[in-house]
Every structure is written in structure tokens, then in C-alpha cells.
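There are two complexes below, and they share chain A, which is joined by chain B in the first and by chain C in the second.
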Partner chain A sequence: MSSERRSAMHKMFFREAIARAVREEMRDNPNVLILGQDVGRFGGSYREFDGLFEEFGPERVRDMPVAEPAMVGMGVGAAAAGLRPLVSITYMDFMMLGLDPLINYGAKLRYKTGGQLTAPVVVKTTAGAKGQGVAHSQCIEAWLMSVPGLKVVAPATPADAYGLLKTALRSDGPVVYVDHKRLFPVAGEVPVDEIAIPFGSARLCRSGTDLTITAHSFMVRTALEAAKLLEKAGLSAEVIDLRSLAPLDINTIVASVKRTGRLLTLEEGQITTGVGAEVVTRVMEHLGPIDFTRVGPLPAPVSSNRVLEAACLPDAARVATAARLLQSSGKLVCSN
Partner chain B sequence: MLYKISVPQVADVEEIRILEWHRQAGEPVAQGDLVVELETHKAIVEVRAGQNGYLRKILAEAGNWQGIGLPLAVLSDGQSEPVPEDVQALVDLPVDFEIT
Partner chain C sequence: MPDQNLLTMLRTMKLIRAFEEALAARPDHGFQLISSGEEAVAVGLCASLLPSDQLLTGGRSIGPALARGVDPSRLMAELLGRSSGTNKGKGGRGHLADPARGFFGAHAVVGGNISIAAGVALALQMTGKDAIAAILFGDGAFGAGALHETLNISASMKLPLLFVCNNNQLSVSTPRSQALAPTHLSDIGAAFGIPSQTVDGMDLNAVRKSISKAANHVRAKRGPAFVECISYRFASHSTTARETRTSEELAEIRALCPIVSQSRALKAAGLLNDILAQELDRWVAETVEEALRFADASAMPDAEEALLDVI
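Up next is the complex of A and B:
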């Protein structure tokens, strides 16, 4: 649209986009604070909180013991009491320990108190496989999408890491903010202006006519690589970055599948009751039966062995193969 | 002879940001001298000259970004050998680099 003003951009690392969002929100709102392991002088496990301890001090950037239930519990409690904590859980696998305070207390607080209390806590965590084995590689965001009252977002670019984290820190409900180990080496353009990205808004990353690929987090890059492979094979793939899993921007996905007629969902987490299962079901609620396929890892834990890790995870070649199969068979294919 | 120095191969990294040049164009460099510091998502990469020569031309100033394997600067054995427009064809000077 001609009325849209394009903001000037500034290139930065993924971690710097996170630090910038937190810094700005901490400056704007004295109730925002960070709780986590190695978040203080160390600056965060991925240096994503660099400089914040120096600027805001130990009162607002608090190192925590290795006790995730206590960290999330304190975060939810502090939120109920009026603060806006960001709780940093280094590995998403360890969020399992914090699910009771997050789900039974945080996500339910507004309902239980008839709207008198809210729990504006952000649990920021890092998912994904990168050579660290069975209990440091998991993507369990699909588990969380079904919790009423919980919001779940998963950026794929520095710009979205920035914009979604700003919205998360201003949100009144508990938010789980999922980033990915393999995204930290990435740099990208971020608007110079302070622009928050609303939840529930997917991003069309690539236009295409033959099929729609949905993905989130690191798998968006895999989807874009697969789209390039498919282009060489004469197939035009549209790629949608979900960005926000709960709420899910189903309208953008439906509009795309209406155009392309086929849907491939891609995720690094398990496809059984996964993000893709939800996306496919909701699209069918709008459009009726469609040709679709779900692509994800093998139904096995991810090994720390490089060869076995790669064997388990979806990659561009596998996505492209599944897309070609979907195109040629026109049937419902489940390829994990 | 003219050489180029390029961004060294660092595991997992696609591109780096130039943090600081420790030699300016025209200055001599001795083997082992710290020429430039680069910044990755989690570390500083110190790039040191692999042999004696002159730093002739800086291709990416501090604050700019450069992809892995792409050129950072032109060096030469002599002080006044003309620097060509197209540096891609130049031989890559081996660099010692240390990640801290």
C-alpha cells in the first residue's frame, strides 16, 4: 500500500535484537525484570542479555539457581503481584519442570480471579537440535498451544525476535517465547523505529502458486531452502512463517491454501498432535478436504551424534521430496 | 605480489561484523600482527597476518558486515604495487585467527 511507510533498517545479530527489545522495555517500564541462569554479568547463555546487567543492575537482572520450577513459580508470582518478569529458561527441555506454575497458576490466573488478576510473565526459552542430544534438543511448543490463556510465539528472524518480544513484554497473559539455537548465528535487518509486532499475525515470506508450506522458528529457513530446490524442479512453493502459534493466524494460511490448493506443514517438533496437525485441521474447517502432508522429525529422541541428529531432523531435501510426492499423488501423505 | 585476506571459516557462522582495524591502509604489517578484529554472534575473531607485507586497501570498514570467505583487505609484498579493481582473483593470504 502506498500509505505504508518503510522504516529505516539496521543490521544486527539475533541476540542483539533480543537484547534491544528487552532494553527498551526495561527503560520504558520499571516493572520489567529478568530472572534466569547466567543472565547477569555473564549476559545470557547466548549473550542475548548483553549489557542489561550493567545498565539495570542486580535488582532487575537476577541470576537464579538451577531450579526451573522455582524460577517460573517466582516469575508467575511476581507477575501476579504487579511486576512484568521475563523468565529465561536456557533449554526448552527444562521448561517441563516449570509447567505446573506456568499452566496451573499463570495461565489460569485471569480466569480464576474473574479478571481481577493477570500474570504478565514471559517465559523465554531456546528450543532445537544442535549437537546436544536427547534432553537438550526438543521443540515442545505444540504441547503449549492447547493451554487456554497461554500465548506462544516463535520468531525466525532478528526483526521478528525484536518485534514479538516487545509485544510479549507488554502482554497481559503469560507468553512463551521460543527461539532456537541455530538462529543465534543469524544476522538480519531490524527496523530502527520501535515497532512491536502483534501476536496472531503470520508472515508471507515467499509467494508461490503450487503449494503452501507453513513453518515457524528455524524451520522457516529450511522451508525457504526447500522452496528453492522445488523451483528448480518446476514447483512454485509459497512459504508462510507462522510466527505466532497461539493465537494462530489461520486466515493468512487459509487464503494461501485457497490459492495453491495444497498444504505442507513443517516443524522440528513431533508431528503427532503437532503444530501441523492443528494447522491442517483448522484449514480444513474452513476449506473442507485438501491435499496435505505433514513433515517433521523421526518419532525418536534426537541424538548428540551428528550423523544421527541429521538423520532424525527434517531438512530441505526431505521437504522437497514430500512436496513432490504431494503434488504427484494428490493424496493425504504422512511423511515423518 | 598482491594478496587478499578474507573472513576465515568459523563454525556455524554465515557472516561477521568488522569490529576494529588495527592497521590502516599503507601501513606495514609483520607476520603475527593483529590486523583486524571480527565479531560473530558469540565471539571475537582476531585475524593476524600470515606473513610480512603492507596493508594496501580495506574493503570493509568497522561496523560493516561480510560473509564467510569474502575479502576484507588487500595486502602486498611491496609498498607501491598497483591494487587492481577486481580483488576476487587475488591469492588468499593464509591468516592466523584466534577465537576468544
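Up next is the complex of A and C:
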């Protein structure tokens, strides 16, 4: 867990926090540039790059054709040759197209060249469901967590969006930075001072005594809502925002589960070989058997049909139900 | 072109051939991707580049690396997995890199290095360098979307990127004629407004002339250029891959050897005689022997190296 020093705060929308982080880094470092679709005058699909084109011009805020493989490849190559590109992939689903240059080249580059080259590129993308259907809603960050050489972060608040993106743009190797469609309209307090939040540091967002809930990105909000419901039912839930998936701050999670004795993992991506599977396994490697449950969407595509989308996604009520079941069943009891 | 350079280019072609033959006789570090028959493409291309330029290639990269001036000893060490290799023995075949020598590196995913090269070109352009990036790829990569996406982007951004397709007419075993639709692979460049040419890849002087012209176009900041070199691979895809061509076909192909034809041309022009040729051969043999000696005297990496330079 980080111990961020207290400083004056001001309120900002999530998308504004992103623009601020990129603006500051672009002012500080002339090698930072943006490659993406509709990032120029349009300001990004969620206006998360608002004002950057006007300040930095078309050379550093480049509208690209719809060619994710070449766009990621160019970003990785430019990074290897000395620039610090931020490649914007509008929807995380489309990252699949760019995984070859990112994983086969970017993530391996330092290793395969014996340290001669690195690729300090940030691939920023937007995950999650918001009425856009089966190929515009997915959360595939768990796929990426297992790639040696790749860092993966997914903030839930404007302050973390700001601080993690700052670190991403200063990082030595490739970083995948995942935000969420439903987070853009969210406002929150962001430090007035320039700060960078280190990777590998989870955030305790609610203290509790009966169980630990881990989540990242938009699901942190769902977890906090669920914690309120559980409080009414007499259950005290601790909520941890993972923030950084690779590296994962396992110590903060372990310390929490040690106190609460139960673990509920929550994610919007599939739970099969998901983030929760990794969190649970690593906690057990530290603590031995514990009571746990994993909560995620149905094992089905996410439809743009609002009834089916809602049916598929985890919500606070579902999380609360799973937590109560976990508490009452105690299916895997801690050996000591 | 001064006589000395013509002799040096011939010597480099001979070095590539001898180096790869010596390597092919060493199966102890797995299969290798050799390029006998394609030496004129590597040497003609590299003769058109300046020291500050960066060359990226596909997996078949030993010839281009040697032609670019990568130290043969460190290259041999890399290909035999030694920690004294260019990549500390961690890249190996298909991933050779020596960016300090202008050899940004090979990447063994077919077509995978093409957009990377565009990124290198973008970095050169944005930092105001006079240098250019060159990407050498095979006809196998021609079918990949990455090429077509990168042609479009580099043309629209006027990137300092030289595309060189070494069309050896075989993608592992699949003949180019069965896999690729255009009459000339260079035809694709025209669709993007890129000056493009097809040249005989077995003729060193023709390759050098055509690629130099293309490189000058790129260097003059007029955008990318595209050269297709039609060559022949004398051996199978790798040192352990099956050969699908008949011995008659192979004999016909091998008669087109660029080293033999260039030697003949230089002799006819009075620039090469038997004594000079023997001197070149002796230097080549010594260089290859020294490379093997250096590699064999070097250690394999420690097992601990597996976790270094990962993040």
C-alpha cells in the first residue's frame, strides 16, 4: 500500500485526470506523443485527450488510420528508438489486433536483446460494458497479466488515473493502462500537486473485519456499494482496489485476508483464469487454505441489449449475496 | 563505385556464404536460418545505407547483419548461444540485434518487424535525424496485413522508411506464385504513391543501384520507397527443414550464384585476378575460423541469466 502524502485536492472528472497526466508529461518530455484514432481535434472518444491537440499539435497528437496492429507496432518501435508513445486503443477488444507487436516484440525486447533495447510504450485502452455489445465491452486484462515484461494497471478513481498514468509514461518497459467506459463521467478528488503513483501498490479503500473484497477499475465502485449493503446486514467488508495487476501488490491483500479470514474477488472480466483466480492462488500460497469466492460476469458474451447486459454483469446485490453465502457456508475452513 | 568497394562487397558476399556454411555444420545449438543465394540482396542493401541508418529484418538475418558490419565473432557466439554474443546469447537465430552498429535487429515473427521499423522511422523523423530506417522482409511477409497497414501509414506520414522485399519465392515451402496475387510485389507500392521497383536480386550491381536510388529518395525526406529483389534460396527453409524442390530445380537455381557471377564480372573488368581472389578467400576463411574460435571459447549463459533483463 502506498503512503501518499497529503496535499491540497481539487475535484476532477476521470477523463480530465487522464488529460492532465498526459499534458504534464508531454510538457516535461518532448518525446511523449499520442498515436490513436480520433485523438486529435476530436479529443479522444471519451474526451480524455481534450485540449492536447490544441496545445501540442498534430505531430505529437496523431490521428491514425484504423490499423491497430501497425499502430501498436509503430508505438513499440518508436519507443525502442527513443520516443515515449502513448498508443490509444479505443476499445480493449481491439487490443487483440495489436497483441503481436506488444507481446512478441515489446514485452520481450529488453530480454531478447540482452538489455540493448527497451520499449517504453503505454498502450492505453478502455474496457468494460456500457451498452456497446459483444465486441466493444470486454475486459481482457487477465490475459495480459501473465506476459513476462508487461505491466498492467487499471485505476478506479480520477486520482489513480492521474497518478498511474504519470508512472506509466515514465516507465522503462511497455505498460497497458486500462480505464473503463463507466468511469469517464466520474468525478473525484485529485491532488493539486504533481504526483506519480508507483505500480505494484494496492489501495485500501474501505476497512472491514469480516471479509476482504478485491476489485479493480469500475468494479471497485460495485464492491463499495456491496460493502454498504453488507453493512446493513451486519457484515463488515474490507475493500481493496488492486490498481496494479502486474505487478500485483500481494502483501496488502494477504495482510487484509489475515485480518478478515475471507476473500471475495470481483471482476468484470471472465473469472476462468481471471484476476481473481490469481489473487486467490497467491493469497493461499501465503496463508494456506482460506474461505474464498470469485464473482464475475456470466460465462457469456456481453450483449448491447440492456436486459442481457445487466443479466451478464456482476452488480452490488450479486456481490452481497456471494459474500453472505461465503460467510455462512465457510466451505473451505482455514486449517488453523 | 570505387574498385575497392566492389572487392569489399564481393568479400562480404563470400563471408556470408562461408559463415553460414560453417554455422550449418554446427547443429549443436538447434536449427539455423541461412541465406545462401541471397547474398547480393543483403550486401547491395547495406552498401546503400549510411552508418547512422538503422536496418531491421525478418528472421533470415545473418547475411544482413554481417553486411551491416556486425562483428562476425559476436554474431557466431550469439548463434551458438554464448553469453559473449550480440544479445548475450538470449536472442539467437531470428532475433540478432546490434543497434550501435545500425543493425536495430531481426524479429522472427513473419511481418512482425515491419510496423516496428515504421516506429523507428517515426522516431528518426521526429527527432530531426538525417538517418533513415530500412526494413528487409521476405515474400512470406508480403501476405501479412502489417505490411499493407504500414505502407499506408508510412506513405501518409512521409516516413523515412525504405521497404526492401527479398522475394526468394518461397515461404517455407509455399511458392510465391501460389500465395501472392500481384504480378510484381512492388506493384503494391504504387497504390500508396510509393516509388517502387523490382530488380534482379541475384545481380549485386543491379540491387545496389536500385536500392541506392530508393534510399536517396527516402533520405531526401520525400517519403518511403519500395524495392523488390527477386532472389533464390539455395537451401531449404532452415538447416533442419525438408527440401521440396527437385535436384534438377536446385541445380538450375544454384547456377545463378551471385558470388560466381560477380567474380566473373570483376575479372572481366580487370578488377579481380586469381591471386586477389585467393586473398579474399583466405581473409574469409580466417574470419570464420576466428569467429568459431571466439564462440567456442565463450561460456553459455548462467542459468540465473534467465531472469535478467525481463522487466
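Annotations
Assume the second predicted complex is superposed on the first by the 326 of 336 C-alpha atoms of A that agree within 3 Å, B and C clash if a C-alpha of one lies under 4 Å from a C-alpha of the other, contacts with A are read in each partner's own complex, and residues count from 1 in each chain.
The rule we apply is simple: a contact is a pair of C-beta atoms (placed from the backbone, for glycine too) under 8 Å apart; a residue touches a chain by one contact, two chains touch by 3 or more.
Computed from a prediction, not measured in an experiment: that's the story for all the values here.
Touch criterion met: A:V76 reaches chain C, while chain B stays clear of it.
In the superposed model, A:P148 makes contact with chain C only, not with chain B. Contact comparison for chain A: of chain B and chain C, C touches the greater number of residues. Contacts of A:L169 after superposition: neither chain B nor chain C is touched.
By the document's definition of touching, neither partner reaches A:V122: not chain B, not chain C.
By the document's definition of touching, of the two partners only chain B reaches A:F184; chain C does not. Contacts of A:I18 after superposition: neither chain B nor chain C is touched. Judged by the touch definition given at the top, the superposed model places A:Y46 against chain B, while chain C stays out of reach.
Residue ranges of chain A in contact with chain B, taken from their complex: 11, 13-15, 46-47, 182, 184-187. For chain B in complex with chain A, the touching residues are 12-15, 17, 40-42, 65.
Against chain A, the residues of chain C that register as touching in their complex are 54, 85-91, 95, 97-100, 104-105, 107, 109, 112-120, 122-124, 126-127, 145-146, 149-150, 152-153, 156, 308-311.
Touching chain C in their complex are the following residues of chain A: 31, 33, 59, 64-65, 67, 69-83, 85, 100-101, 104-105, 110-117, 148-149, 151, 172-173.
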